[in-house]
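For reference, the structures are reproduced in the following blocks.
What follows is subunit A paired twice: with subunit B in the first complex and subunit C in the second.
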Partner chain A sequence: MKRNMSKNMGILGAVLLGLIIILAVAGPALVPYNPTEQSGLPLQAPGGQHLLGTNDMGQDIMAELVEGARISLTIGIVSAFIATLIGTVLGLISGYGLGWLDALIMRVVDVSMTLPFLPLMIVVGVYMGPSLFTQIAVITLVMWAGKAREIRSQVLSLRSRGPVLAARSMGAGHLYVLRKHVFPSVVPLMIPQFVRAVNTSIMLESSLSFLGLGDPLSKSWGSILFYANARSAFLTDAWLWWVLPPGLCIVVTVLAFSFIGYWLEERVSPRLRAYTGAFSKLASGRFGKTKKPNPIAVRQPDGASAEVLRVEGLSVQFPQPAGTVRAVEAVSFTLRRGEVLGIVGESGSGKTTIAAAVMQLLKPPAEISGSICFDGKNLAQLSPVEMNELRGSRIALIPQAAMNALNPVMTIKSQLAEAMVSHRSIGKAEVLQRVSEVLGQVGLDPKWGDAYPHELSGGMKQRVVIAMALINGPDLIIADEPTTGLDVLVQTEIIKLLDDLQQRLGLAMIFISHDLPVVLRLADRILIMKQGEMVDEVTAEALTASTVHPYTRRLMDSIPRLRAKKAASVSSLTEAEAGGGSYVRI
Partner chain B sequence: MGNNPSSGRGISRFLSGRFGRKLIQYALVLFIALTINFALPRLAPGDPLMYFMGQEVNTLTPEQRDRMNRELGLEGSVWEQYGDFMKGAVSLQLGSSTKYGKPVTEVLRERIPWTLLLVVPAFVISPLLGIIGGAYAAWNRGKRRDVLLLAGVLALESTPGFWVGMLLIAVFAVRLGWLPSYGAVPLVHSDDFSYYIEMVRHLILPVSTITIVTVGTSFLLTRSSMLDTLGQDYIYMAEAKGVSRRRLIYRHALRNALLPVYTHVTMSLGVLLSGAVVVETVFSYPGLGRLLYESVVARDYPMMQGVFLMITIGVIAANLLADLTYPLVDPRARSRKQVKEAV
Partner chain C sequence: MSEFDRQQSELGDTDLLQVRNVDKTYPSGAGSGKGKVLDGISFDIRSNETVGLVGVSGAGKSTVGRILAGLEQPDGGSIRFEGHEVLALKGRQKKLALMPLQMIFQDPYESLSPRMTIEQLVSEPLVIQKVDGKDKQARRERVREALAEVSLSPDKYMSRYPHELSGGERQRVGLARAFICRPRLIVADEPTSMLDPSLRLELLELMNGLRRRHGTSYLFITHDIALTRHFCDRMLVLDQGSIVESGSTEQVIDRPEHPFTQRLIQALLELNRF
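Moving on, here comes the complex of A and B:
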């Protein structure tokens, strides 16, 4: 949808620009007057003879607009072209060049971007004397620096990409890399830069001309407005045909270029393109047609009284232009008090989506079916407010990316306190006491409460996030790959901590991971996921002994064992070098 | 900042830090601006003396000419002239205006308050509207109201300020006769109170013009920053924590989204000063911008350069303000020492 919008903008921009170009090119043939000669009475209203009336000198406004289009477009395009060219050359040299050269160029860029551009153009322009050349020169003067900076940052990001690094490491010369890899990638980036530069330079030109610094011999749209303003056109009705049209021409032209620029930029910029895949994090499952629900029978628990969570036939899909992505399909499981359910599967197997579905945190394009009952209540039937009351209070989440799960501008203490006061009204002292207590529980000195997230190490942040999940004494904790991004030693510590807390507090927990050995250590029962489907559900004991499903068997067999007992830590260690082995890191 | 500037090592460490580098950059900008002022009259075609004295120069006898050249620092080697010029600039001797027949600094001092009166309200109103609109659009991303707002803002961004001003005058001042279109205060005024009322009335149209043409930037910036922030993990975490929607939007999302906007807005004070050139010209408002325009028309070179320098100083001051106050809004930018104390 986003894509379509930008494409429509591009088309609209092209149409508008086309109109202006027709005005500039075919105009003289259509308007029978010379813009510099009197061809009618002064301030004649629009009518048959003069389509847009005349100005105070009796010159035809339509003819002036035509000439203005030629001047404005010429200045805009020429100065944008020169500025983009200079900017690209300097940006390439700077982004690809030596350290000191880069530093020098960037210093100059910084300085010229700090100078106030309009006064600078005016002062330089006045000394150079008003002319077409002056305008192009001063507009280029204030625009090249910004272009150089943007091209440089793009070159820098190109430099660190695969092909360039590969070529360099194979001993390719700088010139070769520039010609073969950098230049072909920079050229498409130059085009939107150029389009946006045209846009800016037309604006600058109109301001300069409006201040009387335009070429006195040929009037641009800005110059028309300069004369209109100097002769107080708005005191009479003449503003309707003397002030309105040239301004509209500027707006239409600039808008056309900015639409086209927006569209082009979205086409070439990888950063923006990645944006369309915003849901990839949750929906990295496969594309395809509907499959029959998985035949695995739902195993009924014997004692339903202690049941905390019951998920039945849960399916989640993300409709996308290229076809519906089925992230989770027909998943069912139950969880009792004090029990740990492990969910294991490779990335994209729908584990995180299950967590988000239980938390009712999936966002609109996601379609959910099946039922999720927590403590006997169907979560889908709760109002947003009721659900919000459960979230964080009775069902807590330890999210996947603890590194970024804390708000950078709030202290640890206030974020922990927030989790409490969002659910009940209690006194400040009580909150602070509980915050200290829970920080202690996860093995952090309570003094860290005053720190900001950026002052904590990854492991400490993870502990804070766990504390946050514990703070309201929840019935159910969903730990979604809580050790991602932590180094091996810290991983082991965190797992131990979770294990401890779970046993001490008798929590029901869903533990999601791609690391089967770790799950084996914590979980009572394990759910094996593959491409959004549940392929197996087994107890931890059964899994270590013998397994039914071949996929599960393969997972088990892929755990490298030096000594069977130490499987957990060993597998974590081998993760880094396991790029080749297909199932070691699931 | 945490370092002790009295020790030599402290200074070098300070100058190589983020803030120190900025300071060097601003000093460099000021130096370049002065150099431009020095170089232009000497490089431009024709007699440099003409740029200092205006057309009067043709009536001078050769002896008077020599004396003037000496007085204006146009004698001796370029380097001597340059040194003298810089010395003069440091002690705020910017020459005298050929149009007003007064020292440049004196004219500047008269005009600055008027420009501030115009720019400061716009500086408050425009970002406020932009931020509210941008956050609203981001929250409603992809919906019709978001698209409409975005299209409207892009159109505003494409509109030249002087044209907006002219239209506002044509409609509100001339057609409807609601508001004055010219100057900052009425030519004749009675008692004190109505004088201030009139002053405010004179401000409405120019401030609206500046607001209309600058609101787009903070809107677009807030919108994209907010969209970025809404995708962050800590927003998801806050939601999972069960915080209320209001708190989620304001305390978590907007608070963080505003960090880049804050820098932009503070620095825009300098941009507004330049922008005032065009708007003050349309409304004949007696500020710095109008002064620049008048000196261009009268080819009053010393005055023109003085305004250029003044606006450069304004831009630098705005940037400094942004750099100095940023740590107040972003704990990550605070110095490590304070952090250690806090922990």
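Moving on, here comes the complex of A and C:
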């Protein structure tokens, strides 16, 4: 939808630019007058021999516009090209090169970015004499530094990326890395940079000429305006044909380049491409499958009063051009107070989508069906305000990789306080007391409240995230992969902490992970998800004793065991044994 | 005899890689004072041997891998690979000497350039090393061979781009581009940690198969001791920049001597108790 719009803008820009180029190229053939010669009476109105009339010296305005288009486009394109080229070369050298070279180039960039443009123009103009060349030189001088800085920051980030590291580990030299990996990544950025630079330089040239700082003898659009203004075009009707046309030309050209730039930027934006790429991958895997009824009978709760969450027939679909992606299909479960439900599945199985659906965080185009009842209330029927009140206070989500998303410029204490104050108005003393209380609960000394996230280790940050979820005393906590990315020692600590908190506070918890052993350690019941469907629902004991469902068995089998206690029963895996490594299968 | 090579005499094989007293200090930032990343690391890897390098995050595991792959220079020490003193070599000589040492990266999504086809990606080491420079056909043949080695059908995959592949397939491409150099040693930095559990074992089995056919050695960097048990012959335990324990995997896992190793194993047993 948005893409189409930007494409249309691109087409419109190309058409407008095409008109200006036709004016510049074919103009002299179409207009029979020389813009510097008197060809008619002064201030002749449009019509007849002079399509757009004449100025006070009897020069044909149309001929002036043609000349102006040539000058504006030449200055715009040439100075943008030189500025982008210099900027790219210096940006590459500076971003990739040695320390002192980078420092030197960047200081030069800093200096030239602080140059006052107008005085510079006057000084250089006086020194070099006004000419097309002077204007190009000055405009380039003003623009290259910004380009160099932008390209440099791109190169800096590319330098430590995977493909560059991989090539270097294969023994690639700097020239190879620059040529094959850095430069191709920078080129797509240069094109929109160049288009924007054309725009800027046309604007600069016009404003300079209008102020009388350009070449007084040239007939650029800006200088037409300068003369029109200086020779009182506004006192008569002459402004209609003397001022409006060059003004419109400037507007149309700048708009044309802006539209094209916008479209190009949209096209080369890597994030946008990654976005569509991810979805096409999903779509190719799974669209068009028929919806099957949930094969697992819904468990009826014995005591409905203790029921915290009931999800029935939850389906989530994402309509895509290639077909509908079914992210979650007919999933049902209930969760009672003090119970831990594990949701296990591989990537793309819909685990996180379930969490987002329960939190009511899915936005259109997602299509959600089925019901989600929290504490007897159907969440889909709550108003956004009511849902906001529940979210974060009675239902808390620990999102994936939340520990890396702590605000780096806020202390732990103020981030925790913020999570609390956003839900109710209470006194400062009370907030601080609660903050230290929760920090204590997650096993952190309250003195860490004054620390910033970068001062904490991964495990401590994860504790802070858990504290944030606890601070409003929720009934239900949804933890999405809370141990992923942590090493074994820290994982164990976090699991112990969650286990302890859950029992002490009697929380209901949904624990989402791709790591079956971790879930087994905590959960009472486990849902096994595969490609959006719930393929199995088992208790932890049943799972370890005897696994029935083939997919669940496969998941169990893929866990490497530390103690090879059942090594004797390995039978199916003759191939792997020969090499000295063997995987234990149950 | 130092602790780390208490078994060396039994195996007696020629050493493929000898690392001696390697130090690395990062300029300490933000006043944390933890500048020293590696403190006199020494270990050996023999041919046709898989060695696990185990430690928690921040122990310096990845730094060891990066130094071996030539991505970082150590402050001191010596690294001998196939008899060459690697740190003393420069330029073209270093390139040639290190060609049989390849690396597999942790993140299969990050390490493959999105602009290159699988064929270009797999042949990249040949391009860099200028192998078969003129002979496009020979190069293509090698790519086909390497892809077949990692069980990716060459016809199906050669002209594809990384974003069309799953994480497991991308990691195989990573393995294929390491393998096209006919390596004697592959440094694998957490190659399975971004993969789903079922794909993890698949990749390890694949790596084992390559070892069986070609006698390649691996340095397998991981935080998961349980994986080393089923994949590695020997194990090095790294804690805060020092190797605190080493030995055969069974020996270390069943009878850990250093308190840190004991803690690590205890934690894992606790996590997987069922």
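Everything that follows uses one rule, which is that the second predicted complex is superposed on the first by the 448 of 586 C-alpha atoms of A that agree within 3 Å, B and C clash if a C-alpha of one lies under 4 Å from a C-alpha of the other, contacts with A are read in each partner's own complex, and residues count from 1 in each chain.
What we mean here is this: a contact is a pair of C-beta atoms (placed from the backbone, for glycine too) under 8 Å apart; a residue touches a chain by one contact, two chains touch by 3 or more.
Keep in mind it's a predicted model, so treat the numbers as computed, not measured.
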Worksheet item: Is A:516 touching the first partner subunit B, the second partner subunit C, both, or neither of them?
Response: second
Practice prompt. Have a look at where A:111 lands relative to subunit B and subunit C in the superposition and call it first, second, both or neither.
Written response: first
Worksheet item: With both structures placed on chain A, which of the two partners, subunit B or subunit C, ends up touching more residues of subunit A?
Response: B
Discussion item. Tell me the contact category for A:166 with respect to subunit B and subunit C: first, second, both or neither.
Written reply: second
Item to complete: Scan A:465 for contacts with subunit B and subunit C and give back first, second, both or neither.
Response: first
Discussion item. On the A-aligned overlay, A:404 touches which partner chain: subunit B = first, subunit C = second, or both, or neither?
Written reply: first
Worksheet item: Given the touch rule stated above, what does A:489 touch, subunit B (first), subunit C (second), both, or neither?
Response: second
Worksheet item: Between subunit B (first) and subunit C (second), which does A:120 come into contact with in this model arrangement: first, second, both, or neither?
Response: first
Item to complete: Have a look at where A:454 lands relative to subunit B and subunit C in the superposition and call it first, second, both or neither.
Response: both
Worksheet entry | Set intersection of subunit A contacts, subunit C complex versus subunit B complex | 454
Practice prompt. Under the touch definition given earlier, write down the residues of subunit B that touch subunit A in their complex.
Written response: 25-26, 28-29, 32-33, 36-37, 40-41, 43-44, 51, 142, 147, 154-155, 157-163, 166-167, 169-170, 173-174, 231-234, 236-245, 247, 251-252, 255-256, 259, 270-271, 273-275, 277-278, 281-282, 292-293, 296-297, 299, 301, 304-305, 307-308, 311-312, 314-316, 319, 329-332, 339, 342-343
Discussion item. Please output the residues of subunit A touching subunit B within their complex, sorted ascending.
Written reply: 1-2, 5, 107, 110-111, 114-120, 122-124, 126-128, 199, 203, 206-207, 210-213, 222, 225, 228-229, 233-235, 239, 243-244, 246-247, 250-251, 254-255, 258-259, 262, 278, 359, 361, 384, 388-393, 396-397, 399-401, 403-411, 418-419, 422-423, 447-448, 450-452, 454-455, 465, 468
Worksheet entry | Interfacial residue positions of subunit A with respect to subunit C in the complex | 161-163, 165-172, 176, 180-181, 184-185, 274, 277, 281, 346-347, 454, 457-458, 486-492, 495-496, 514-518, 520-521, 540, 543-544, 554-555, 558-564, 575-576, 578-584
Practice prompt. Note which residues of subunit C are touching subunit A in the complex, please.
Written response: 30, 50, 56-58, 69-71, 94-95, 98-99, 102-103, 105, 107, 109-113, 115, 124-125, 128-129, 163-164, 167, 174, 177, 181, 196-198, 200-201, 204-205, 208-209, 211-212, 223-227, 229-233, 253-254, 263-265, 267-274
